[in-house]
Every structure is written in C-alpha cells, then in structure tokens.
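In the two complexes that follow, chain A is the common piece, with chain B as its partner first and chain C second.
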Partner chain A sequence: MSASEKARSVFERIVTASGVERLLISLSALVLSILIGAVIILAAGRMADCGTAAYRLALPGSLITQFTGGSAVVSMGFCYDPIAVYDQLFLGALGDVVGNPTNSQFATTLAETTVLAFSGVAVAVAFRAGVFNIGAQGQLVVGALTTAVTLLFVAPVFGGLGVLGTIVVLPLGLLLGALGGGLYGALPGALKAYADANEVITTIMLNFVATAVALYLVNDASRFKDPESFANQTEVLPEFSRFPSLLFRARDDFSLVALGVAVLTLVGVWYLLTRTSFGYDLRTSGIQPEAAEYGGVDADRTIVSSMALSGALAGVGGAVYVLMVLGNFQTGIPSYGFDGITVSILAGNNPLGVGFAAFLFGVLKSGSIVVQVGSDVPPELVGVLRGLIILFVAMPEFFRMAGRRFDSLLPERDDQAAVATDGGVRNE
Partner chain B sequence: MTDTDAAVRLESITKRFPGVVANDEVDLTAERGTVHALLGENGAGKTTLMNVLYGLYQPTAGRIVVDGEERAFGSPRDAIDAGVGMIHQHFMLVDTMTVTENIALGNEPRKFGGLVVDHEAARRDVVELSERYGFDVDPDQRVEDVSVGVQQRVEILKALYRGADVLILDEPTAVLTPQEVEDLFAVLEELTDQGKTIIFITHKLGEAMHAADDITVLRDGKHVGSVAADETTRDELAELMVGREVVLEIEKPDVETGDEVLGVDSLTVTDERDVEAVSDVSFAVREGEVFGIAGVDGNGQAELIEAVTGLRTPETGSVTFEGESVTWDSRRDRIDAGMAYVPEDRQERGLVMEFDLVENGILGSQHADPFASGGRIDWGESRAHAEDIVDEYDVRPPDADAEAVSLSGGNQQKFVVGRELERDPRLVVATHPTRGVDVGSQEFIHDKLLDLRADGRGVLLVSSKLDEVRGLSDRLAVMHDGELMAVVDPDEVSEEQLGLLMAGEHPEEVPRADAVAPEEVEP
Partner chain C sequence: MSSAVERTADAAVRRARSTFEYLFVGRGRLQQFVVAVGLLAVLGLAGAAVFLPGSSAAALVDVLTDSSTLAATLRLSVPIAFAALGGIFAEKSGVINIGLEGLLIIAAFTGIYATDVTGSVWIGLLGGVLASTALAGLFAVVCIEFKADQIIAGLAVWLIALGLAPFAASVVYGGKTTDSVATLQTLPNMGIPVLSEFLVTPLPLVNTALVDIPFFGALFDANPTVYLMFLAVGLSWYTLRNTSFGKWVVASGENPKALDTAGVNVHRVRYAAVLLSGVLSGIGGAALALGIGQFTGSGPTMVNGKGFIAIVAYLFGNYNPIGAFLSTVLFAGLDATQLTLQARDVFQVPRPLVRTIPYVAVILVLALFGRTRLPSAAGDHYESGEGE
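Moving on, here comes the complex of A and B:
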C-alpha cells in the first residue's frame, strides 16, 4: 500500500467513524494532548529559573550513571509540576463544586459556557445548512451593541416596576440582540444567495466592519459613550434590566436564568433541525444541495434564512454577554464568535453537543485563571496547553467535516464513486 | 496480428463499487497508431474504464496490457511512466501561467545541478513538440488568454511532454465549438500518423464514426461490441448503445385519453455552459396516456425534463400543467400541484444518501399533508409511509431505518419510484424508471405506471431502453440533438426507423402518431 493510499484509508476511517468511535477518538485525543502538554510543561520547567523545584522526577540511576557515574537514583528537578497544572486546569475550574456549588470559579466556568453555547450553536446551524459562517463574532458584537444601546433608552421607561420591569425588559433585550445579529447575518447570506459572494470572505470582512462601527459609536460622548468613563463604553444599564444573579454572588457575573435560556435555546435548535420542515430543508441543503433542490427547497431562501438564524443566535449571545457579564457595551469583546467555530466543530455541529463542547471551553478558560493565580506557570504556557487540548479534540471532527465536503475529490472513496460511475461529470 | 502489436489491451476488466458494477468483464484493444472511440451512454462505464487504465482506479479483476506487457497501475504516475496519458474533460491548467509553464509543470528541466528551472530548455522543448505535431500554440501566452480549443491542445502537449504514447481523451468535444472539433480531429490524425495511439470517450456516435478507426461500445458497464468505423452504420451503433432486450412483453389495455395534463410549447433550454440543449420543442401529454421520449442519452432529454419539472429555467417557450402555465412556478409549487418526478440520478437528486428511508420517504413532501402540519414534521406518519413503500415495492433490506447509501442501486431506485408513484400525482415524469432494477421489479414498476395511466393520470416517460419505451408508450417522440425528430406510433415504427431517427436522420414514411398539434412533428 502506498503512502497516499494509507493516508487516504486513515482519512476514510475518520470520516466514516460511528458515534461511539467518535467519542473514543475524542477521549484518546484528550489524553494524548495532556501527555504531550505534560512533556511541554516539563521541558519549559527545565528551562525556567526557580528557587526550588516544584516537581522532581526520580530516574533509575543506571540510565544516567552509566554516563556520569554516581548514585543509584538520580532525581531531576522541574520548575512546574504537570500534575498540579492539569489538576488546577480541570478541577480548579469547578472549584469546591460539591461543598459550595456557587463558588466563583464554577460561576466563571458556567458564564463562559453560557455565552459560548450561543455562539457555538449559531455556527452549528450555519454549518448544518452547508454555509460557513465565520462571522459569528461580528454578529455577536452587533447583537450586543443593539441590545445595550436600545435598552439604554428603553429600560428607564420601565424603571419603577421592579421585578415586572425585568420580566419585560430582559426578553426585549434578548430579542433586540437576535434582531441585530440576525440582520447582520442575513446580509452575507443574501450576498451569497443573490450575488454569489463567498460567505467565508464576506463574513470575515463584516467582522471588521462590526468592530469598527461599534468603536465609532462608543468612542465619543456625542454618540453613545459614557462621558464619565475613559474607556470606550456606554453607560451602565440599570440593575433591573440585567440577568438576576439568583443563587450566585452578583460579582461573579453569572446567572442561572441565562444558562437556562441557553439550554432551552440548544434544545429548541435541536428540535427545529430534527422535527420541523424548515429543519429538514436546512439539513438537506447542507448535505446534498441537488437533492434539496429536487425536493422543492429554494436554495437561495434557505441560505438567507439559515444565515439569519445563525446571526440571531450569535446576537442573543452578545445580548447575554451584555446583560449578564458586562452590564453595558464595551469595545474589545472577547473572541466568543471565533471560539464558537471550534465549539461547533468539537460538537460535530450537533446543537446538543454544543452544550458539552461549550462547557469544556468554559472549564479550560476558567481553569486557566486558576492555574495562573495558583502557580508560577506563565500565562503563555497555559494558553499553549489550552490550545493543545482544543486542537487535539477538535481535529478529528474537523477532518470529518472537511472529508464530507471534499470527498468528491477523493476518487478512491468507493461509495462516492458509485454515485458517479460516469466520472462524476455530466456529459453533454 | 499478435498481442504485442496492440498499444493497449484491456482484458476482462471488472470494476465493482458497493452496489454497482461499473465495468463487467470489459475487453478493449487499441491498435498502435489508431484512433479508438469508446462509445456509450452516460453511466455506461466509459470513464470508469479509462480511469482504470489511467491508474485512478484499481480494477476488481482483469488484466491491463500496455505494449505487450502486463501492468498494474497504482496511480496515474505509474500510468504516465508507462506512456499512458489522460486529458480530462475539465482541464487541469493554471490560468495565470504561460503555456510553457503549464506544460512543464512538475517536470521542469533543471540547470545548475537541479537548483534552477531551465525556462529556455522548457520553452525549446515545447516549441519543438508543437511543431512536430503541427499544433498552433504560442508558448508564451497565458492560459487564461487562449481559447478552450487551444487549452485542450495544451493539455495534449502536456501529456506528450511527459512521454505519453497512448492518449486518453474524456469527452474531448463536449467543450468545443464545431470548428474546434474539426481542428481537434485534425490534430488527432496528425498524432496517429506519428505513431501515437488515441482512445477517446464519447457518447456521440457521429463523432465516433467520423474520427475513429475502431469503436468499442459499452452499455450498462458491459462490452457490447467492437467494430471498425468503416464497417458499421449509425443505426447499428445506436442499437448497440441503447440495446434492445426483448425480454419484456408489456400488456397495455386500451384507455380513453382525456384532457391535456402537460403542455410543452416551443421550449428552448440551455445547459450549464449556456449551450442550447433543447431547441424549440413542443408536445403534449394527455390524461390516460404514456408519452415516451426515446433517444440516445445526452441529446437534450435531461434538460427538457428539468425544465418541465422546475429544476431549470427555460430560455423561451412555456410549460402548462392542467391548463395553467407553470413556466415560472417553483419546483415546490409543481410538486404540490401533483407533478411526480422520478429523476435520472437517484443518488444525486432522488435520495439524500445520508438520510434513512423514513427521512427520504418525505423528500418533496416535507411541507405537505399528511407529513407536516404547522411546520412540524410528523415522523410517525412518515415512518408508516416509508414502511409502506418498502413493503409495496419490495425494497431490500426491508428496513425503513436503513440509510439510503447502504442500499444497492436497484433498491434505491425502487424506493424512489415508490415514493413518487404513491404521491397520487396528476402527472408522473419518469426518467429511466427501471434503471438498475431486476426483471421482476421492472414488471412491477411497469404495471404501476400502467395503473396510473388507466386511472386517467398522465405519464411522461424517458428511457433509453427501447423495448421499455416502445412497450409502454402510446405515442413516442424521438429526440436528437435537442430536437424532437418525430412523434411516432410505437406499435408501427420499425427498429430500423427508430435507429435512424435516434441517429439524426429522417427515414422515409415514418408512421407518425396523430399529433395533438401538427407543428410539433418535425419542422
């Protein structure tokens, strides 16, 4: 078997893996990434300077003494302890979850999970429709901006109503986010459907547009900038218009209500995809556009509506970020939209899987903070470890996606070739 | 003539894909210095066979002999090393590079110990090659600036540059204008004069007759004949391509025809490349009638049917359905109005391969009663429906949860036919409804179509099986090169007359069927 054939058959195995196999692949990828990460931690620990070694590795002396001559057991010191690092990274993110479920580390984890669930499911919807929405970041920013700026004017009207005000304003805020993000997503959708513009290019460019417009709107007090502040941000929204912290502490910026909305959204999108005519159209277009067209699906309309839905979900994510975490709109929103792409790929574009993938991301993000606070490991190294885990776990799913999209380029894929015994070319 | 004289000999090549035998013990012998045409309809297995010879596929069984030496090609690289080159239908050229750069790409002559590409040497080689074979190409022009015909010549030069003695051309004329086709044939003649061997794939029998020395005909993956071009006739070739298995006796009771269900008036349709594929075609299908369209595949039937069913927008002309114009109606509107459609390509259009049969059973009705209400799909109802189809049409394995991709081609076809015929349609547009299914199921599908006819529905049937389309049709149109040659009475017309019509000739005294509108018969 030649090298290329071997590579191809491995590739094929990944593309055609079953659900259980995929789970096992993900788990072993996780273990492998931790092992490689441990080696990197040790290597970095050898190179760093520290007073006392955080970790000592005892090696059987014979390995080394045969070169140096010395004691039977040689111990080697490292500045960072890989076991402690991974312990803090994973378990630190949960805090004392059993004794004190509302601890602040866990709150941070869940807050991250909540926002990422929205951006992840946004990307997943578009991917399922066969549209590559790289613009979730821009849609999220526009959603956040729409919500913050509009509520700034609308919320005071409901000021005196107490809880009732929250019940009115909060859903309104989410709706505004959906509207802003949805329109901003529909735009590249329409460009693709009616002007044949590649959505990858347009959505990436619109990300910059969104950031720039947001900056323009909040960098001057004559517009929406808070005149009291030096930072580019709007005034803070009234407390009642934001997500209530419920059982958690207010300063942890997490709300169970928002998490609940996220969970409902994921289930809702899952229902939409699997149980409705619209979902059927969308999935068919994504898998086999020719068959969708045959089945009466209007390809152009499906592109626009799936992009609008995708943008709306990202927009709600932005609204949640404003109403749960920030309390106002600020420039420099973290890259939730881009992380959403990885979350979606990690989840195999399954809306329910997005929940778990978002939680893994949340754990890694909040765990990184714990590692940085609790050890001497530099933040850059923590970033490397995080990236390593995500890369390893997401890669097999990414290959699966790429494989489906490009399998027509693989002449050896037999079931595909069976479709095209004519060389895949329509003869005229 | 001994074995070693042949440039290429393929012996009993079999290539099997899951569910499909693309080549079934095919033999082909191309003599040195000749043009050999590989003729057959779409899906006959021509390209597969040549991909086997070019090393893109490995044969399931059989021998490849090149220059008297048995070969096993693991990849196109092996084939090129053995002197076999292939020019694909879609050119693999870099638009922004010059002709010379494209030709030398990957095999550039080097200088200074292999460190630097020797552009001068490459250019010299290309000029020398193109002069030797009388090619009119400018080595310094960019590929994006030259015509398609010249690009094709660049592809041929590329193969020659790599030392090809045997050139395979996949549908070389499909992308060319008539003048360019003539130029190409002149080039091929020059090449064979200088000892090269050409195998070209085509489904146009006129081209095969005109340009080839020998012709090998494939049908349904099988080798059905090899003839010398000057010893055969067009209608003999047409018959070989389309076949005439007279295994089926079709009992067709008389049915009173009713109103017009489908009217096609002066329809002109272009294909993907904006070439006119259907030219001013008119006909009508009435209630209780099977209207057949015969012809060699690729003469505009596909485009015509797509325009009728709403998958392609016609240039001019109109389509009426039950008296109302649907020319601009969407595909979904036409489905909802009662137009069922068994598509030609079940694996690309007719089924979503990754969906199970439950999901596939509602393709086309995913918005309609009884499978959906208020935008919600009733999967229980859908499952029952899929199970009914599986049961009634004997789909195996009888498992509605099976993914479409796991079924064999014949069973996929049965499921698609079942889904479409159970729609309670006003009109069934059926293209190759029995392609790939066993004889028993063929009869069953024929009976179902005739039941619909007896029930006063209209059937528009396109089939390349002559006996099928003759046996089922009440009136039979023959299509050639985008035009309806004639509408004939299938019971009266002779095979010879059909063969000539399919080949684009007008025999004397064809038994015409009483036409609804006289002008639809031959201009």
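Moving on, here comes the complex of A and C:
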C-alpha cells in the first residue's frame, strides 16, 4: 500500500466514522429530546387543571405493591400521560398504515414530509456553504405567493387542454415558486456578500417583511384577494393546475407526484453538492472560506448563488404547498421554514439525510393533530421538541463525553470501538 | 465680555467640527450619502412643519412630536434596550448570544404567569428574570461546557422559547394568549408618597404639571422599568469601562489567553456574562408583557423580533451601551411612529406595509453600517491551557 493510498484509506475511515458519529449524535439528540419532552409533558400536567389524573407516578409502584400489598408511599398524579401522548404522536401519525396505506392520517404525514423536504434541503444547501439561512420561511411564503398569484392568470389559458394543461402548468408553477423564493433568498445573500450584513438577522427580518407584504397583497379585493371569501386568501386555482391525487383520496391533499418531485430534488441536490464543481466550491466555501478563495473561488458570488439556490428550493416548497395542499394562497402559512432548520440540522445538512429527517418531522407535525384531538395536550409540544432537537444536535461534545464515559466503563476496549465513539479526529 | 463670546463661538465651532467628523469622516461614499440624506430629511421635515402647515410633511412632524409617540418609544425601547445590553455583555465576553429573542419570549410569558399566580407584578417581573436566566444558563452550559456552535445553540434557545411559551400558555390558559393580569403602573399612578403627587401637581410659575409638558411629559409618566432602563444603560456603560469585571469581560472576548495567564478563569467570566444577559433580557421581556398585562403567543409571539432588533441595535451602537441605547431609541421610535401612523390614519399607506418599517430599517442599517468589528475571540471556544 503506497503512502498516498494509506492516507486515503485513513481519510475515508474518518469520513465514514464521522458520518456514523453524526447519525449517532442525531439519534441520541432525538432520544434525549423525547425524554426531556416527556418531563415537560409531566410538568405541564402539574400546571393544568383536570378532574382525574391521566398518569400516576408512585413509589413503590403497582408492580411491587400488587405482591406486597398495601399502597404506594409516595404517589403523584399528572393530567397528561406522556406515554399515551407519544403513542398518539408517533403511531397516530401513521394511521392504519399496514391495513390501509392510503389512510388520510398517513396522507397528511406524507404531505407534511414533502413540504418539509424542500424547506429542509433549502436550509441544508445554505448551511453547507457556511451561510445560515433562517429565512426559508419568508422565501417559502414568497414562492407560494408568486405561484398562486401568477397561475391565477396563466392557468386559464391552458384550461381546455386536459392532462396536457397539467403537464405545462404544474412545472411552470414550481418554476415560479423557485423564481420568487430564489430572488428573495438572493437578496440577503447579496447583502451579506457585498455589504457584510449578517444573514441571520437580515433573513429573520425578511421573514417579517414577507408575511406583511403577503398580507397586504391578499387582504383587499382590489389586489389579489378572493372577493367571495372573508378570509385573506386568493382565488382557488383550477383543478388541472394542481398536483393529481394518484391512489390517495383528493380530499387528503397529498400527491405521490409531489413526493416524487421532492425525492428527485433531494437526490439532485445531493448530486450537485457532491459530484459537481459548483457543489465542491460551495462546500469548500463553507468549510474553509480562505482556502476556497485561495483556490480561485469567488466567495461573494458563491454566497449569493448558494442563497439563491436555497431560496429557490424553499420557494418550490411553497409552490408545492399551494399546488398540493391549499389550492390557493392563504395567510398564516405554517412554520415550515423553522421546521426546515431542525430537519436540516438533524440530517447533518446532508440532502439525502434530509429525506429521513423530513419524514420524522412529518410524523411529528401530523401526529400533533392526533394528539390535539385525542388528548388535552396542546399541539405546540412539537414546537418545543423542535428547539430541543436543535439544541442537542448542536452539542456533539456532550454525547462524545457521554460516549467516552460509557466506553471507559466497558471491561475491554478495542481500538475500532474507540474510533466509533470518538469519531476520530474531526475538527469543526 | 467679548472674549467670553469668542470662547463660546469657538466651542460651538469645535463642536460642529467634531460632529461633522463623526458623521462623515472615515466613512464610505455610500454611508456619507445616506448620512447627508438623513440630515437633509430631518431639516426638510422641520422646515416644512414651520413654513408649510397643513402639508403632509407637517402632518408627519405632528405625529413624530406627539406625546404618545414618545411614550410608545420609551415603552417599546425597554425590551430592546435590555436585550441589547445583555447581548453586549455576552458578545464582549466571546459568546455570541443570538437567542436574546428566546430569552425575551420566555421572560414575557413567565412574567405574566408568575403575576397571575402571586398577584404581584414585582414577583412576576422576578419570575420572568429567573426563567430567562435559567434559559441563558442552559445556553451557557451548552456553549461553554459542551462547545456547541454558538449560532445554532442560540437559534435553539429562540426556537425552544418560541415553542415552550405558547405551549405553556395553552396548558394553563387554554390558548396561546394568556388571561389579562395586573400591569405595571406609571409613576404618577403608583401612589409613591411625595413623588407621585409631585409629578401631577402644577408647578409654580409655569402652571403645568411635569406629566403635562408637551412631548417631554411622557418622560415623567412612564412605568418604573423605563427608569430602570436608563439606570441599566448607565450602569452597563460604567461597568464595562471602569470595573475589573468589565475589563475581564472585554479581555475574555478579545484575548482570552492573556486573561487566563493573568489568573482569571475565562469560563467563569463567560458564564457570568451570559447569565447577566439572561437577567437583563429577563427584565426586558417581563417588562414588555407586564406593560400590557397579557402574553400573546401566536405566530412570532408578542416579542415579534425585538430580540433580533436588539442585536442590530448593539452592533449599530458599536458594542457601546450608550450607542446601543441610542440606536434602540431609533428603532423603537420608528416602531412607535408606525403605531401612531396606524392609529391616526394620516397617510393612506396600507397598514401591513407600515408595519414593515422597523424591519426594513433594521436591514438598511445592517447593510449600511453593519461592518462592525466583532470581539476577536467571539464565537470561539476557549480551552484553558492547564486543563480544568
């Protein structure tokens, strides 16, 4: 084995080890968030008022008292049962998926997954370029608005063409979303590249601006508001311009075509990032900006183009939300952009990982509806989990320390295991 | 006699020159242009108000000089100013606290909840401070002990609060918005012996009470947290400049190694600074909610980006507490102006667009004056050489 080959194999092992480590960290963060979430559910159960306790912690528990007789010494009742909540949250979201794979709860889960895949990969692209795009929410809103408003005028032209109309209008809608979101993403990118304005702040401010401008555009019939409606929304787009509901029922607002587009997009972005020179430049700018610039990468241009790409992906997410779920634009778009941050971070900013993380979050979002119906626990619980997951993924050192401590307890250590828990030498 | 006049004229010229230098020298072409346009706009507005009564410029000046605008500016300044002061301490010490928004949110909710439970706004304020400090403590542990990426951990703090506060509100009050509780009273209504009386009693000679002075009356008719804010700005300025703690904080952000060599524990200084940012943001957040007596948790909650505006305020103020306070007043003033504009309906500008004024201003300020010099070790983890 030559020296260069040797170096290469070491390098590869580190990369895979860090990949495995990332996965372990994400999973541990998830488990830890769920555990802390359970504590929060119990604590909230003490704050709420209820007639009978849904959950009871007793010492010694019934497992022991049923044999020894007598009753528990310490017993505390809680209004919410965390196990039941998690049961509804995770399993409820799947519905009867084995018996009836197209059940409406599972359809909701997949619909959420589809939109989250776009917002998640949007955030991931920017992260890989070393840019924090917290503005996926705003870019998604702008993309959704652009699609909904423009198609309102364009779609009727293709009205009589049937399936052909769909083939023309649907991609056009996605493209419009990408255009709107992309431009809105390029703006903070340019502000960062050419005026040194911190993108975290500008993108958050632009989220507020996007929401306000969207409200302005759809709150009056003289602009784009549907005159027949009391709510702030545009007119509903014709049926043929929306995603067809193959296999699933139309009222479940989910389309396998959209999910397919999402999967293709994730694979496409993965290919772009790992197999093209643009992706290479983008990633080097993220890891080592100075080295990238030394290697001839135009840092400013990379920031703008990665933010434009990121915004475009979020914009497509908005277009999908309009063309699959809503059928028009409405104010009060759910916080897909913020969930996208968690999805991306949980996936280690890997476009393929985003798919799995998006499904997990789709389950959480859809499950929160089941929780809301089936118990008194507010669905905002998912918002708490969202933050906790980010926090724990952000502190890999915690898990490394825990891993080392656990590792030192084992009687025999072999080097291979040590590499897996330490994750090799990975410099951040 | 004439020499005294000369001296005053001389001083005036010197002052004018130093102001001119502060505004224009050492700035880029674009910044100079913006400053010039800003000055012209102020002069133009003032001129229009005097010479063209009835014009829309005069109407705008009318809005700007309304006593309610100053009152709203002071009220809206409180959360931003406190969060900005907290952000200065944290960032000066080397920990970028981008989670100020989250600290404000959690303090706002806890402030209301604690007031509701105990019946006292002051205990409510304390509760808000405790909650915010606890969250800041978590952030500090994650960043300092576990070497987390400060930006991501800060975002996590924001998102945790953004989830937790509406969640807790729904648990306790059955909706994202809480019940109304007691509010912080303004000084004249607090029933403080002598002082409250004095503020509303017409003064001799001028025959107006302090609270009735046009425009500036609002300064005497505010709730105690506004005065606390002035105090905190002064104290922070003094602490950073003149105390050894302040010097440690600065050294911990600029040159942690030197501080360590001098025998001061860098981690401990950073913990103190981040916890302090929690205490200060706690006052700000609780004051925001207790000024209204209710926590609104839908969408971006009632805090509505104030934590992020605070970050821009201290960047614009170049990490100086007084500078940060002045830029806070600018942003809060714009917010207050848009509120008065909405209420008065002077101009036919649609409300949703008027509401974006403060956010757009923040973006412009950041783009034009955003090139501040961060403390050189900000964002970096520091590991003591001796191994703690």
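In this section, the second predicted complex is superposed on the first by the 295 of 428 C-alpha atoms of A that agree within 3 Å, B and C clash if a C-alpha of one lies under 4 Å from a C-alpha of the other, contacts with A are read in each partner's own complex, and residues count from 1 in each chain.
Please note the rule applied: a contact is a pair of C-beta atoms (placed from the backbone, for glycine too) under 8 Å apart; a residue touches a chain by one contact, two chains touch by 3 or more.
Treat the numbers as computed from the prediction; the structure is a model and nothing was measured.
After overlaying the two complexes on the shared chain, residue contacts for A:Glu290 are found with chain B alone; chain C is out of touch. Using the contact criterion defined above for the overlaid structures, shared-chain residue A:Leu385 touches chain C, although it does not reach chain B.
Of the two partner chains placed around the shared chain by superposition, chain C is the only one that A:Ile341 touches, whereas chain B remains out of contact. By the document's definition of touching, neither partner reaches A:Val236: not chain B, not chain C.
The larger set of touched chain A residues comes from C, when the choice is between chain B and chain C.
Look at A:Glu397: by the touch rule set out above, it reaches chain C but stays clear of chain B. Look at A:Thr202: by the touch rule set out above, it reaches chain C but stays clear of chain B.
Shared contact residues on chain A (touching chain B in one structure, chain C in the other): 428. Taken together, the chain C residues at the contact with chain A in this complex read 98, 138, 142, 145-149, 151-153, 155-164, 166-168, 170-172, 176, 299-300, 304-305, 308, 311-312, 315, 350, 352-353, 355-356, 359-360, 362-363, 366-368, 370-371.
On the chain A side of its complex with chain C, the touching residues are 40, 44, 47-48, 132, 134, 191, 195-198, 200-202, 204-206, 208-209, 212-213, 215-216, 219-220, 332, 338, 341-342, 345, 377-378, 380-388, 390-391, 393-398, 401, 428. Here chain B touches chain A in the complex through residues 17-20, 22, 42-48, 51, 56-57, 74-75, 89-90, 170-171, 174, 203, 221, 271-273, 275, 277, 297-298, 302, 311, 330-332, 335-336, 341, 343, 345, 347-355, 359, 362-364, 366-367, 372, 375-377, 379, 405, 409, going by the rule given at the top. By the touch criterion given at the top, residues 2, 4-5, 275-278, 280-281, 284, 287-288, 290-298, 411-412, 414-415, 417-419, 421-423, 425-428 of chain A touch chain B in their complex.
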